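Taking it in order: structure first as structure tokens, then the write-up.
Should a chain be cited, it is by its letter among A, B, C, D, E, F, G, H, I, J, K and L, assigned in written order, with residues numbered from 1 in that chain.
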Amino acid sequence: MGKLLVIHGPNLNLLGMREVAVYGNVTIDGINRMVEEEAGKYSLDVDFYQSNHEGDIVDKIQEAVRGYDCIIINPGALTHYSIAVRDALVAVDIPVIETHLSNIYKREDFRHKSVIASIAVGQISGFGPQSYVLAVRAAAEIIKA
Amino acid sequence: MGKLLVIHGPNLNLLGMREVAVYGNVTIDGINRMVEEEAGKYSLDVDFYQSNHEGDIVDKIQEAVRGYDCIIINPGALTHYSIAVRDALVAVDIPVIETHLSNIYKREDFRHKSVIASIAVGQISGFGPQSYVLAVRAAAEIIKA
Amino acid sequence: MGKLLVIHGPNLNLLGMREVAVYGNVTIDGINRMVEEEAGKYSLDVDFYQSNHEGDIVDKIQEAVRGYDCIIINPGALTHYSIAVRDALVAVDIPVIETHLSNIYKREDFRHKSVIASIAVGQISGFGPQSYVLAVRAAAEIIKA
Amino acid sequence: MGKLLVIHGPNLNLLGMREVAVYGNVTIDGINRMVEEEAGKYSLDVDFYQSNHEGDIVDKIQEAVRGYDCIIINPGALTHYSIAVRDALVAVDIPVIETHLSNIYKREDFRHKSVIASIAVGQISGFGPQSYVLAVRAAAEIIKA
Amino acid sequence: MGKLLVIHGPNLNLLGMREVAVYGNVTIDGINRMVEEEAGKYSLDVDFYQSNHEGDIVDKIQEAVRGYDCIIINPGALTHYSIAVRDALVAVDIPVIETHLSNIYKREDFRHKSVIASIAVGQISGFGPQSYVLAVRAAAEIIKA
Amino acid sequence: MGKLLVIHGPNLNLLGMREVAVYGNVTIDGINRMVEEEAGKYSLDVDFYQSNHEGDIVDKIQEAVRGYDCIIINPGALTHYSIAVRDALVAVDIPVIETHLSNIYKREDFRHKSVIASIAVGQISGFGPQSYVLAVRAAAEIIKA
Amino acid sequence: MGKLLVIHGPNLNLLGMREVAVYGNVTIDGINRMVEEEAGKYSLDVDFYQSNHEGDIVDKIQEAVRGYDCIIINPGALTHYSIAVRDALVAVDIPVIETHLSNIYKREDFRHKSVIASIAVGQISGFGPQSYVLAVRAAAEIIKA
Amino acid sequence: MGKLLVIHGPNLNLLGMREVAVYGNVTIDGINRMVEEEAGKYSLDVDFYQSNHEGDIVDKIQEAVRGYDCIIINPGALTHYSIAVRDALVAVDIPVIETHLSNIYKREDFRHKSVIASIAVGQISGFGPQSYVLAVRAAAEIIKA
Amino acid sequence: MGKLLVIHGPNLNLLGMREVAVYGNVTIDGINRMVEEEAGKYSLDVDFYQSNHEGDIVDKIQEAVRGYDCIIINPGALTHYSIAVRDALVAVDIPVIETHLSNIYKREDFRHKSVIASIAVGQISGFGPQSYVLAVRAAAEIIKA
Amino acid sequence: MGKLLVIHGPNLNLLGMREVAVYGNVTIDGINRMVEEEAGKYSLDVDFYQSNHEGDIVDKIQEAVRGYDCIIINPGALTHYSIAVRDALVAVDIPVIETHLSNIYKREDFRHKSVIASIAVGQISGFGPQSYVLAVRAAAEIIKA
Amino acid sequence: MGKLLVIHGPNLNLLGMREVAVYGNVTIDGINRMVEEEAGKYSLDVDFYQSNHEGDIVDKIQEAVRGYDCIIINPGALTHYSIAVRDALVAVDIPVIETHLSNIYKREDFRHKSVIASIAVGQISGFGPQSYVLAVRAAAEIIKA
Amino acid sequence: MGKLLVIHGPNLNLLGMREVAVYGNVTIDGINRMVEEEAGKYSLDVDFYQSNHEGDIVDKIQEAVRGYDCIIINPGALTHYSIAVRDALVAVDIPVIETHLSNIYKREDFRHKSVIASIAVGQISGFGPQSYVLAVRAAAEIIKA
């Protein structure tokens, strides 16, 4: 009924293995399974991509122009400076949902500014792995509309 | 299984009646029904409150200390300057979810700053009435945890 | 021929009674009579409202959607921070004229910034009670156009 | 010999009941009794007022023009943005003492700025309930002078 | 009964001929006739001056010291940087009314700051040619007082 | 086939005579000859204008509305503060190309900001007299399009 | 029952002799006597120290580690830049009360910032010599607690 | 007679395929052909490189030290934050010309700042594909000199 | 033995006639006579120039390249924004002494910044007409050296 | 006895070959040999890694979690913006020492800010290749402790 | 006929011995002799004081209250941060002339701000030892007036 | 073979006695012994100086001009504001190494700025007493070179 691309930015491959006190013990695979389960409820297919390389993420977004109806992206550290990722998202013209595990407004000042937010449909921040699950549901509504 | 308080800030009583091009034609009652329906899935009771008065919202939050497990608040214009609302939310020590119909990061500069965000569990912004529905689901997870 | 709503913000009820050296000895009733007299020249009806409560002013503006052709507002201290009043004025979509008795650009730095100005038709500042009278005349032109 | 008005701003009604670790377990009634006791030493009468509503506090200050010799105010969150409260205090032209339970210079950056301080006689910050007691004594000196 | 000097700053000679969509199709001559008509009601004589040269405007203001009771000035682009015009207006010590056709607070950020405003009696901004007409009326009151 | 107006701002008349180490030994006449030669390739007529007076440049731009297809302007020092020149360029609605002999981004901080750039078609900075030659070529393309 | 150290910063030795219109005609000895009298009520011993030398004040604070229960300091001009005094106060770990004769929030902008405030128990500003007397009383409470 | 390296930054591979309304329908290959044609006029060889990866662009610039006389670079989004690209350009010490298709001074505030500009010979911005063609010509002059 | 050019910027022609309370009752002719007298002591010839036109002052400075050994300039309001005057002074490469009648550091914030100071030999500010006399003496030393 | 990972950021592979006047003629291999020699004194093994790719450096840091006791990193240009490198260093929770060949506080303003410094044990800047040697010794102490 | 106190701030004792290229080879004694010679012309006595200690300079200024008619001060580095020196100068209420050997507006940004300037009669900056000589002459005029 | 001067700024005399949790239990004498031991390895003599007085440190640096080859300075609180210490270090023209026990980039914002850093050879921050030991080694290399 639709197809999602979920992009995890730099260092998110370490989830559940490092800084467990901060990010919890769910791994990136665990999150991906939660996402797939939620997507299944709305008959959405999902592909996943993680990279620590800004350039690879830009490449991936560019390829997304063929066949995806919505992009869910947790840009990690790139949230705060990657105008290249922003430009790629604008160029492919697919609805974007920005997610964050932690509440970025509770963290260092430089994390309060997202260069992605103003070109996304919306932002979900602070609910841990649920941020992704909620994003899937939001994506389902967007695709349906 | 739990009890939610949904607070709508100033001017949200006009939803669906004014600025339809911007906010859509769903009324505040329509949103409340969507919230109730979602809450029903998780056996959550919901109470609703709307006011254009900062002081009334502070009073309401203070009363919430008796009997609510989570507060979902769209503070409207108060998002950007009401330290009084912030202080009330901190004082009652109930988990808070901040929601916005529109993506506040796409609007005027003064709307990019929320004085509420850093004391909320998380923030959901930009999905129209779905911002509230997603918040209910997030609340269900928080209460369950 | 048309109907005006004149709104006086916080502390303007004290006009002519306190700080006479600064604001002159005309009372709010005196101003209202000057406004009525001027409005009479253009066959405009006028209603007046004063409150020290931001929420009450928001409520009043919302009600104005029924039956007023123009709002003249001196938001007093709310000029500088009440995004709620701003949002209400945008929502009702009635032409707004912002007035100030004193020249706000001669006063403390924090009074140089109006959050209302950019959504008003225009601003008249510094002419004492005449600021209101001039606003009535401007309103007559706007209603005629 | 003189009459004091003590005004407590938003959320101060929760003192001693919430955030006890931060603000201690003295209630607002407890503070008021300490204030009365101290005022008694200087034969000063005291009235007390607490509100979560900026407009109510403005109204109260305006009424104070009849019969009070000094205002002691802990504006709570309004300290940082209520130009309306500031304007009211200037209008009534009664000596003002600003108090804070906590040391506002140890807290979030946005609490370091008081819009009240520059129109008060002085400020007392950081001594818990004693901030009020010291203010009473300062008021006694001011009234005597 | 009195004498007005109306000064139009740089580019205002193009009114009604260029950027009609923004400024309307009234020419500077049209505005001047409206000003004269209004001035006639109060038995005021008016002289007009337009220049694209900051220095010429400073010269003109200096000459105004002989024989004018009030200056109405729309400084155009000079509003935002000409401390020389400001200094000249201060030197001649004639009441000044600052006018703008458009609402400068709705335009680019650099137009929100006027170096003239703090030395004028008042400012009228946003009412098109009526900004001048209202200024004449304000001038009549100032001269009368 | 088209007609160009080349405007040189303040102090550019001194080119080749002063600060030779910085700006080279080509005079303004030399630049004008290079411009004419290049313009000849595209059958463009060129007029030249230099002034140290902001007002004269505004006047000249206003006159340009009759008969020019493109303006090439090196505003010199006016680049950084002349909103009057900017407004004139907007008013005449002729394509504008901004040029600079030196790379303004290598110089003092106050030279990094151009109030002209955002209303020009484009900007060419840093190539010495070639900045003008390139601008002629760019103009030819703009006129052709 | 306890021992206080009262430190007066640069230029406070001139009190009562210079700038009488601003600071009143009480001398530093006068203040010290008022302090002693108040301290006597709580059976507190007091030592006094004044210096125009930042280094001497740092030395004195370091020595205070032996035998004082509370430091009352009016750092004078050092309030605004002496991180060395701040560091000394932190190092000795004795409760500190910051006092000012004048209301520093009514004075030049550079006096609104105290580098001491955030490491003091609290701050008392604006009550003239009474600022010290109130500080003694606050100290008595702190020592008792 | 000389050899050019033309570097296209992130997302420029999408030219002519996406956002046609903004960037026109010329593809990167189309631009490269225009560049080659212009370069041919001056007997210059040209190599082209595009990447979405900052690191690849840094590598390419480092290799350029062997055999190129001038680098023309449109850094795309990297213009605004890649100090690594800047450092590489400084290290290889080959003349650099910075180009932009769109006028970066007409776009979002964060695009007004280039970290490359101050180390380039010059910058050409806003002329679409012609920005590159003009850069080739400028390069020819630089190589000749 | 040498030749001085003294330049008076906008509004200085009004000296002694307007704002006497601020600038004293010495006219520009009076200052010029004081300058001539002082210059005579060092056998220096002096020419004087006053204009309210930035462009005229730039023209005059350019002409100064023939025959003057030192320029004394009180740029008046142009001090704070005329990069054109600054550029002219740099171009002619004659020693410049900047003078001000009033102490510009005691006035409005925008007068604290001089765009001329960093290219002058030195600045003399605050001594009334003596600022010019001292400048003549400084010029004599510079010419002698 | 312990194992070090030394990471060289973008452009450091050019050391000794380019900008010799600035960075000296020691190559990256030369530095690595100096590091190995110093490490030998403390029986520390060292691995080296250089990349111009932010993503590769993030990958390398993540791998470091297996088997390294300390990371010495000269992030080059990434020092100033790579929150991704910062996040990786925090995630692996290995002591980090930040080094710079040049004194970054003597260079351009944008190099004064390190996003790495606040998560490192310490920073050594300005001693050329010795910065690395000192870091090895500091690492030895850290590992020993 | 009058008495001057000349105060030299920190490091000025090294004049003529260190940094000769910057400050010239005149020693502090040489300057003092030039000052005495100039003072002799106006029958002024002069005392000199140099210290590297802020506190000593404050002490000296305080003593100056007995017997000096004018203070000439080159505060050296204290110019930029010593509010204590500023306060002392204000307290003694003797006319102050601020001098600098070098032009502080040509140096580092932090030297452009003087905390002394706004309380001095005037400032003379950039003329080497002549700055002092000119100050003596200015002092003579001030004392005479 | 060479001679070092080690200067400890304000409050460093308390090391090991106060705030042990932060700074460790090594005293200033302990550090000095570590420094001597390290210096011995390179046949360097060392003198030590500690003062809480800025002026004394300036005096000491001035004297250092006779007989020291390198200065190691931990300016303590003076790091952040003592331009006098900076100027002294520049004047004596001896290589300077700035050290800090704690990592100043992990502490309060005002500690992130050093006015010394840009005139030092380099800075070592965050390694506890080892910061000094590393500095000695760096000094040995500098003296050798």
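Quick note on the criterion: a contact is a pair of C-beta atoms (placed from the backbone, for glycine too) under 8 Å apart; a residue touches a chain by one contact, two chains touch by 3 or more.
Small disclaimer: the values here were computed from a predicted structure and weren't measured.
Common neighbours of chain A and chain J under the contact rule above are H.
Touch-path distance (fewest steps) from chain B to chain L is 3. As for how the two copies chain G and chain L face one another, under half of their interface residue numbers coincide.
Averaging Cα coordinates per chain places chain I and chain L 47 Å apart. Per-chain CA centroids place chain B at a distance of 63 Å from chain K.
Residue numbers of chain C whose C-beta contacts span two or more other chains: 53-56, 81. Touching chain pairs in this entry, ordered by label, are A-B, A-H, A-J, B-C, B-D, C-D, C-E, D-G, E-F, E-I, F-H, F-I, G-K, G-L, H-J, I-K, J-L, K-L. Taken in their complex, chain A has these residues touching chain J: 9-11, 13-14, 18-19, 51-56, 76-78, 80-81, 110-111. Against chain J, the residues of chain H that register as touching in their complex are 53-56, 58-59, 62, 65, 81-84, 86-88, 90-93, 115.
Against chain G, in their complex, chain D makes its touches with residues 103, 105-106, 114, 117-118, 120-127, 130-131, 133-134, 137-138, 141.
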